[in-house]
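You will see chain A twice below: alongside chain B first, and alongside chain C after that.
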Partner chain A sequence: METGLFIQVLLSGLSVGAIYAIVALGFGVIFNATGAINFVQGEYVMVGGLSAAMLYEAWNVPIFFAILVAIAVTTLLGFLTEAGLLGFGRLRTPAAITIATIAIAVIVKGAAMLISARDTYALPSLLGPEALRILGASTSRQTVLNLVLSVLVVVALTVFFRRTKLGTTLRAAAGDSETLQTFGVSYRTTARWAFVIAAALGAVAGAGLAPLTVMSFDSGTLLGLKGFAAAMLGGLGNPQGALAGGLLLGVAEAVVSGYGTSAYADVVAFVVLLAILTFRPTGMFGTARAVRT
Partner chain B sequence: MRKKILALLAGSALLASSACGLGSSGAGDGDDSITIGTLFTVSGAGAKLGDKMRKGAELAVEKVNSEGGINGKQIKWVFYDPAGDTSTAVQQTNRMLDSDGVELVVGGGGSSGIALAMDPITSGKGIAFIATEGARQIVEPAGEHRLTFKTTFNDTTMVEKLIEYWKANDVTKVAFMPDTSSFGQSAQEELERLAPEAGIEVFTAAFDPAANDLTPQVKRLASNDPQAYLAWTTQPSGVTFLNNVRSVLANKDVMVMHGFGFVDDRYMQQAGKAAEGTILVSPKLPVWDKIDDSDQQKATMEEFATSYAEKYGGEQPNVYAGQAYDAMMVAAEALRATGGDTDGEKVAQAIEGLGSHVGVTGVFKYTSDDHSGLTSDDVAVIKWDGSRFVPAE
Partner chain C sequence: MMSRLTRSLSRNNSWELWLTIGLLLLLPMLLATDYALTIWTRMAIYVILLTGLNFINGMAGMISLAQAGFFGLGAYAAGIAAVRFDVPPVLALVIAPLVVTAAALLVGMMSMRLKEIYFKMATLGAGFVLFLLFGRMVELTGGPNGLVGIPPFSVFGFAFTEPIVKYAFVALLAIIGAIVAHNLLVSRTGRALRAYGASEPAALAAGASPFKLRLLAFGMSGFYAGVAGALEAFDARFISPSTFDFMMAVLLVVALVLSGAGRMIGPILGALLLTGIEVFAADYADYEPLIMGVIFLIAVQLFPRGLAGELAARREDRRERAKREAAAQTEREVVRA
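Let's look at the complex of A and B:
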C-alpha cells in the first residue's frame, strides 16, 4: 500500500505539473521577447479550456475540432493582447507592460464570466475514460497525453529559439531590443509573435487540463500564479527549466496533499516562489542573463 | 526584479479594491416601503451558486410585492456583489446599513465565511439578519446571535441524517473529504464529534477547493478500507472528487457521497459515469415531483419550481435558489407579524413566534434556542441515477 501511495502522489504531481510546465513556458516566451511578465497567461489557459469545453458540451462540436477552435480563439486573444498593450497603449517598458497585463486579465475574466454565464464546463479525456493503472496507483489517461505534450512543447520551443530565424530574433530582442531595431526588426513584430505563441501554449494547457477537472471563468488566475511560480523555479525564459519547475511544483504539491495536511497544498507554490525570489532569483537553472531587465 | 514584483502586487491590490460590486445608491425608507439589503457573490469564485441565490431572492421579492407587499408596504431591495471577498462584503454591509437605509438583511454573500463576518455588524446595529449560508456558527449559540437566523441546514442536522443512513446500511468506516472552506471545516468538526459516538470510524483528508487532482488524498484514505467516501464542498473540485474516487478505487463497490452543498445537476452531468449512483444528503427540492403528495412541503416546492422556471426561461431552480427564496419569505412573514416594524429585536421575536413556516427547503420551526429551524426530518437522502436525482431507498 505504501508504494501505491508513493506512485499515486508521483502520478498526481506529474499530471498537474505538466500543465504548470506549459503555463510556465508561456511566461518564458513573453519574458524572453519583451522582458515583461504576462499575467494574462493564466487567463489564456482558462479561455482555451473553457471555450473547448463549451464548444463540446453546449454546441456538440466534435472534441478535436473544439480544441482546435479553442486554440485559434485563444491565439487571437494573444494577438489582441499585444495589439492592446503595445499598439493601442503604446507601452514599451517591461514594467508598464507587466502592470497593464493585470488589467487585461481582469477584463478577459469578466468577459468569460458573462459569456459562460458563470457555468462550469467539462471535457472528456481524449484517450477514453478508463483509468490507467501503474503499480497499484491509477491516473487518468489524459495524464500521459499531458506529459508527452509538455515534453514535445519544450523540444519544439528549444528548436524554435535556437534554430529558426524568428526564434533567434525573439531571443535577440530580449537581449538588446534597441540594437535589434537598428537592424530593422520592429519591436512590435517580435512582441506580437511572443504573445501569439504564449497564448497558443496557454490554450494547449487549458485543453489538457479540462479533462482532469472542470473549467469555469475563474479557473485561470490561480493557475497563472502557479505557472509563474514554476517559471521562476526553473528560471524565467528557460524552456527546460520551465518543464522541470512545473513538474517539481506539481510533485511538491502532491506530496503535501498525500503525506501532509492537504489543506496547505496550494500554499506550496507561493512558498516556493518566495524562497526562489529570496535565495535564487535566477531560478534553479537560470543564468544571470535571465533576469537582467 | 523584486521591486517590480512589489509594484505588481500593489497594482493588483488597487485593481481588486476598485472592482467593487453593483448596487443601488441613495438612502430612502419612506413610509411606503421597507428596505431589505442582500449580499450574494455573483462574480468571482462561487458566482455560480450566488447567481441562483440572487434569482431565488428576486423571485420572492417580486412575489411579495405583487401580492400587495408587507401590510401595504413594498419591499425596496438593495443588492451588492462582494465577489467572494470578505473584506469587500464587510464594507458593503456597512454601506447598506449606514447610507442605503437598509432595515433588514437577507443573504450573507453566498459563503459561510462572509456571513460569519457580517453577523457582528448587523447585530451591532440592531438589525435582523437572515443568512442563506451553511455553517452552524453563523447562528450558534443562539443566545449570542439574538438577531441572526438562517434558512439552511445545520451541519449537525445533515450529519445526524448521514449517521442514520450509514447505520441503516451497516457502514462503520467512512473516508471524509471536506474542502478547506468554512463550509467544509464546520462539517468536519461535527462529523468527527458525532460519528464516533455512533460507532462509526471517520478518516479525514481535507482538500483545497481549487485543487485539480485529489488522487493522493483518496489513495491515502483507501488504505483504511472505508465503505463510504463522502466529500463536503460546493466547488467544482467536487467533480474531480467523483472522478478520482472511481479511478483510484477501480471497480470496488463503495458508497460515494456528497453533502448538501453539491446537489447540482450540472456538476453530476460533468462527472459523467463517475457520478452515477452518487448518494447525497439534500433538501427535498430536487426530488419534489417524486415524493408523496401528503408531504406538506410539496405544494410550496411545486409552486416555487414552476414560477422559477417561468421567470428564468425554463431554468430549473436548485437548493441554493430555494434557501434564498425561503430567507426572503421568512423575512416577509416576520415583518407582517410585527406590522412592518423593522426593529431587530421585534423581528427576531416574530421569527421565533412563526410556529411553523412551510418553505421550499423545509418546514422551519424557529425557537429562541434554534435559529436554523430545520430538523433531520426535512432532509432527504437522494441519488443521482445518471440523468436526474431520485430519492435513495
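Let's look at the complex of A and C:
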C-alpha cells in the first residue's frame, strides 16, 4: 500500500510536471531570443486550455478539432503579442519588454474573463476516461500522454534549434542579437518566431492540462509562475533543464499534497523559485547568462 | 548622463514635499461627505504604501513586485493580532511594521544581488507566496473568505470610527512618513541611494556600498507597507486575500512609475491615480482588467521611462540642444572673426 501511494504520488507529479516543463520551454525560447521574461506565457496556457475546453463543452466541437483550433488561436495570440510589444518601435531593452508583457498578460486575462463569463471548463482525456493501473496505483491515461508529449517537445525543439536554419538564427539571436542584425536578420523577425513558438508551446501545455484540472480565466498567472520556477530550476533557456525542472517541480508538489496537505502544494513552486534564485540562480544545469550583478 | 545624475542628486524636492502635505490637508476639504472621506482615507493609505515602494522602485532603481504582499502581511499581522490574540490596536500598529520589516529584510537579502529581471521575479515570487498563504492558512487568516471582526483603531478606549477622525489619523501618519522619507532622501545615505537609481557604475565608483543601501531601502519599504497594511485592516475592518493579489502588485508599480518613481511627488500622484482607478472600477468591474491593461500597455509604449522620467528626459534634451546650438553659434562667430 505504501509503495502504491508513492507510485500514485509520483505519477500524478510527473503528469503535471510534464506540463510545467512545456511551459518552462516557452519561457526559455523567448528569453533566448529577447532576453526578456514573458509574463504572457501563463496566459497562453490558460487560453489554450480554456478555449479547447470551451469549444468542447459549450459548443460540442469534437475534442481533436477543439484542441487544434485552440492551438491555432493561441499561436495567433503569440503573433499579436509580439506586434503589441515591438510593433511601436520603442521598446528594445529586456527590462522594458518584460514590463510590457505584464500589461499584455493583464489584457489577455481581462478579455478571457469577459469571454468565459468567469465559468470554469474542463476536457476529457484524449485517451479515454479509463484509469491506468501501474503497480497498485491508478492514474489518468493523460499522464502517459503528457509525459510522451513533453519528451517529444524537448526533442523537437532541440532538433529545431540545432538542425534548421531558423532555429540556428534564433540561437544566434540568443548569443548576440546585434551581430546578427548586421547579417541582415531583423530583431523583429526573430522575436516574432520566438513568440509564435512560445505561444504554441503554451497552447499544447494548456490542452495537456485541461483534462487534469479545471481551467478558468485566472488559471494563467499561477501556471506561468510555476512554469517560470521550473525554467529557473533547470536553468533558464536550457531545454533539457526545463524538462528536468518541470518534472522535479511537479513531483515535489505532488509529494507535498500527497503526504502533507494539498493547501500548501501551490506554495512549493515559489519556495523553489526563491531558493534557486538565492542559492543557485543559474539553475541546476546552468544557463549562459549572467544573473547576478 | 552625468549631468542628469548630478542634477538628480542636487535636487532637494522640497516643493514636492510641501505639495504632498498640502494635498493631504486640502483634498478632503473639496469633498467631505462620509463616503468621500472613506475614499480619501484609502488614498492616504496608498500614499504611505507608495512612499515605501519609492525607496526601492525610485531610489534604488529596481522594480519590486512584493509590495502588495508586504501590504497584505501588514494588514494580516495587525488583523490577526487584534482578532485572534486580543492585542490592543495601538500595539498591533507597532507589531505589523516590525513583522513586515523583518520579512522585507529577508526577501531583500535573498534577492538583492540578482540582476534586474531576476530581481523582479524573486520579489514577485515572494509577494505571491504571501498572497497564497493569506488564502491557505485558514485557521489564522480566515482563508479566501477573509478575516472578519477586526476592531476599529482605538487609543485609551477612544475608538476611531468617525470618518473624519479616521482620515485625520491616517493623513497624519502619511505626512510624517513623507517628511521622514524626504529627510532620508536629502541625507548622505539618500543621495547614495538615488545615485544607485541613476547610475549604478557611477555610484559604485564613488564607493557607495550596494548591499547595505539596498537592504535599507527594502527595510524602509517593508516598514511603510506594514504601517499601511495595519491602517488598512483597522480602516476596512475586513481583509481578504484578493486585495493583495498579483494585479495589486502590478497596479502599485504602474501607479508609481507613471507618476514619478524616485521623486517625492510620486506617491501622492500615484495614490490619486490608484484611488481614481478604484472608484472608476466600482462601476465597470468586468471591464476593469481589460481597460487597465490597455492603458498600461499604451503608457509603457509611450513612456518607457515613466511619465516623470520622460518629461525630465525631454527637458534634458531641450537643454542639451540649446547648449549645442549656443556652442555652434559661438563657433560660427569665432570662425567669422
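The rule is short, and it goes like this: the second predicted complex is superposed on the first by the 282 of 293 C-alpha atoms of A that agree within 3 Å, B and C clash if a C-alpha of one lies under 4 Å from a C-alpha of the other, contacts with A are read in each partner's own complex, and residues count from 1 in each chain.
Criterion: a residue touches a chain if its C-beta (ideal position, glycine included) is under 8 Å from a C-beta of that chain, and two chains touch if they have at least 3 such contacts.
Since the structure is predicted, the reported quantities are computational estimates derived from the model, not experimental observations.
Visitor: In the superposed model on chain A, is it clash or fit for chain B and chain C?
Guide: Overlaying the two complexes on chain A (C-alpha atoms) leaves chain C and chain B clashing.
Visitor: Contact-wise, after the overlay, does A:A200 reach chain B, chain C, both or neither (first, second, both, neither)?
Guide: A:A200: touches no partner chain.
Visitor: One more residue to check, A:L77. First (chain B), second (chain C), both or neither?
Guide: A:L77: touches no partner chain.
Visitor: Touch test for A:I99: chain B only (first), chain C only (second), both, or neither?
Guide: A:I99 sits against chain B and chain C alike.
Visitor: For A:P281, using the defined touch cut-off, is the partner it touches chain B, chain C, both, or neither? Pick first, second, both or neither.
Guide: both
Visitor: Looking at A:A66, would you say it contacts chain B, chain C, both, or neither? Reply first, second, both or neither.
Guide: neither
Visitor: Could you tell me if A:S257 is touching chain B, chain C, both of them or neither one (first, second, both, neither)?
Guide: So A:S257 only meets chain B here.
Visitor: Considering only touches as defined above, state whether A:L247 meets chain B (first), chain C (second), both or neither.
Guide: So A:L247 meets neither chain B nor chain C here.
Visitor: So, does A:D119 touch the first partner chain B, the second partner chain C, both, or neither?
Guide: first
Visitor: Go through the superposed model and pick first if A:I37 touches only chain B, second if only chain C, both, or neither.
Guide: In the superposed model, A:I37 contacts both chain B and chain C.
Visitor: Hey, which part of chain C ends up inside chain B in the overlay, 146-154, 182-190 or 290-298?
Guide: Residues of chain C that run into chain B: 146-154.
Visitor: With the touch criterion stated at the top, can you tell me which chain A residues are shared between the chain B interface and the chain C interface?
Guide: 37, 94-95, 98-99, 102-103, 106, 110, 113, 263, 266, 277, 281, 291, 293
Visitor: Considering the complex alone, what residue numbers of chain B touch chain A?
Guide: Residues in contact with chain A: 1-2, 4-5, 7-8, 11-12, 15, 19, 42-45, 47-48, 51, 180, 205-208, 210-217, 219-220, 223, 236-237, 239-240, 243, 246-248, 250, 266-267, 270-273.
Visitor: What residues of chain A sit close enough to touch chain C in their complex?
Guide: So the residues of chain A in touch with chain C come to 35-37, 84, 88, 90-91, 93-96, 98-100, 102-111, 113-114, 221, 225, 228-229, 232, 263-264, 266-267, 270-271, 273-274, 277-278, 281, 290-293.
Visitor: Taking the touch rule as given, give the residues of chain C at its contact with chain A in the complex, in rising order.
Guide: Chain C residues touching chain A: 63, 110-111, 113-118, 120-122, 124-126, 128-129, 132-133, 136, 138, 200, 210, 246-247, 250, 286-294, 296-297, 300-302, 304.
Visitor: Hey, which residues of chain A end up touching chain B in the complex?
Guide: 1, 4-5, 8-9, 11-12, 15-16, 19, 37, 39, 94-95, 98-99, 102-103, 106, 110, 113, 117-122, 124, 129, 131, 133, 137-140, 209, 212-214, 216-218, 222, 254-255, 257-259, 261-263, 265-266, 277, 281, 291, 293
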